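In the two complexes below, subunit A is the common chain; its partner is subunit B in one and subunit C in the other.
Right, the complex of A and B next:
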């Protein structure tokens, strides 16, 4: 199994009407053995920008710490929060710095930009940005996730419906993957609130 | 031109001298596989195996206790990281008194079991010659071939084959597939394709076996009741499916008693988790709705 499949992960970010949802599985494993069922993959950078990191767990944690550091410096200098587009460029640059010894992570960035317009993007492990208008996925179950999202996605969904769709897509995809699953973690973000929910999934 | 060794199957024809010649013809036509035209046969074989990667992603267990034998298995078939099926039958019903378990890659034992085993066994002496393109997904073929041999033995000697004999047969069949990572059990023997055959009281096979052994070894004693043993087997399989990524699906538990085997339960492991770990509602720190109530 490749290094990206060492820990196992599944991530989705999906766009709704003036809102977005970002969801991940909760398993941390060492190849086939499950070590933890409450591993955090989605991090809040600030109220309107969320970062999900799939791939090798240690690289995900280190990369997150570096990004938080850079964002805090930005906040001190500019006296404001980073826009999601800017944050995506920051992640991309940081990943490309390590072009010949990369972080084995695939980030998923989701945020509310100017006028609370939802923004999502994903990157490969060396920083190639991929912007999307509907959904982005990452992780060991990514092929199943693409299929499930493609089938279930509708434009302009309200937050409640978006939550349902994202949860169903995540759970049905990880049920076809040995290396991810064991529950789900979903954040639905609107301009006024952030709702965090834990999903009850198959624990096998 | 190399041929895989099927002498184990061929010897059956000698029993049927004097019987219908059509039948003998069908049996003595030795099955063979076409061998690939390559200079590096061993290397090619190795690559082919690696491609399919029979990762033995499974958990099966069996143990002997006072009331007989308990056999249990999960039902997941995986290919690397992908789950190809959550409903594979890994416990093979050799005859009403004998069960065998299989650990292997994505082999849909159920299909072949139905197609061949039952069909052939119902027609007493009529055995169909079936051409398999099995390599290396041979688990179902081995299961059926083993079943044939046991049944042939029974018909030839007018007496059911003994467990020792059945395990020896399976070991010999698996020996032709040496190095391909196949394992099975015919209780109370454990058989694998490196040629190993061990006798013992409890065995677990597959990638989830270390986790199952943990539960099995700590909860086992010889004089358990059937319910206790079933719960132990179920719990062991459940624990293995929780920890091992390549095991999952349905935990089936069979009991083999003096009157033959009986399937006791087939529980979906996803639901078993919440049965063993019921969710208690968490304490909420701020509950505005409650404060508003008079």
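Right, the complex of A and C next:
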């Protein structure tokens, strides 16, 4: 079994009309055994930037701690929050630093940039950025997620419809993957509010 | 194979560990205490390579004591858990420790808590957790009978059910277990569950 599949994970980020949604599954496993069903994979860096980390749990936690540290330092020095594009570059740089001994994580970054334009991107474990205009996926269920998102996505969705589409795409994909699932965690972010919702799917 | 498990009850946390010190096919002793009292209100139940287990838990214990000496107040359970994870994570890519830890503690402000810390430094706060081959039995038993806010009698009964299950179904089941609890009155040994007592030397 690959090290990326040790803990199991599923992540989506999708762009809507002046908003974005970022969603993850909730399972923490050790190969075939499920340890917890309330594991958090999506972190808020600040009100307009969210980071999802799939892959090995310990590296996701270490990477998150390093990024929060760097962002807090940035906030102290620049007296403002990081733009999502900048944050993505920071993540990419941190990952490439460990090119020959990498963090076994695949991050998904979603945020509202200048003039609240939604921004999403993903990268591989050594920091190769992949910007997308519609959706990005990561995790053990990524192949199913690509298919589900491609089928269900349409541009310029309102937050409510976006939430429905992201939830359906996430749940239907993790149901085909034994290493991810046990519910879902969805954040829908608009310029004025952040709505966090827990999904109940097949609990197995 | 080493069995460690624990759960959180109403105002207390309880952990149980087997007490066999095994080297290949030989049982050196069957009264090895694998649950260390970290400080007045914390317990650390560890399983893994014996040298690493003793060395690492003693290192954590001394550092937790040092913090208290330097700062005049004890660490919270969450802080101790994060410190432990940090030490494991730092050592992971240099000189890894093969120790799995369940850290149980009681804080006045937040009550009892239990932290699951993998040998690769995955940290998660849980209501019930287990390590080793015994976890396949004890986790399922706890999934069936656990509910939040169990009384001490109910929790000890559940621990006993898990021990019976391990003894019945695990091929190389450890014969003896130690149970420790931590609540507002502190961390202490609760009971032993012995089915084989170490023979004392018969004088001629």
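A few comments on the model shown:
Heads up, the rule we're going with is that the second predicted complex is superposed on the first by the 204 of 204 C-alpha atoms of A that agree within 3 Å, B and C clash if a C-alpha of one lies under 4 Å from a C-alpha of the other, contacts with A are read in each partner's own complex, and residues count from 1 in each chain.
One rule holds for everything that comes next: contacts are C-beta pairs under 8 Å (C-beta built on N, C-alpha and C of every residue); 3 or more make two chains touch, one makes a residue touch a chain.
Every value quoted in this text rests on a predicted model; they were computed, and no experiment measured them.
After superposition on subunit A, the partners subunit B and subunit C are accommodated together without colliding.
Across the overlaid complexes, the C-alpha centre of subunit A sees subunit B and subunit C at an angle of 60°, to the nearest 10. When the two structures are aligned on the shared chain, A:57 is found in touch with subunit C, with no touch to subunit B. With both structures placed on the common chain, the touch criterion links A:33 to subunit B and to subunit C. In the superposed pair of complexes, A:24 makes contact with neither subunit B nor subunit C. Contact with subunit B, but none with subunit C, is seen for A:8 once the two complexes are overlaid on the shared chain. Residue contacts after overlaying the shared chain place A:173 against neither subunit B nor subunit C. Minimum Cα separation between subunit B and subunit C in the superposed model: 5 Å. Subunit A residues in contact with subunit B (one complex) as well as with subunit C (other complex) are 33.
Contacts from subunit A toward subunit B in the complex involve residues 1, 5, 8, 29, 31-34, 140, 175-179, 200-204. Listed in rising order, the residues of subunit C touching subunit A in the complex are 85, 89, 92-93, 116, 118, 120-124, 126, 129, 135-136, 139. Remark: subunit B residues 57, 74, 76, 78, 80-83, 86, 207, 241-249, 269-270, 273-274, 279 touch subunit A in the complex.
On the subunit A side of its complex with subunit C, the touching residues are 7, 28, 30, 33, 35-36, 39, 56-58, 61-62, 101.
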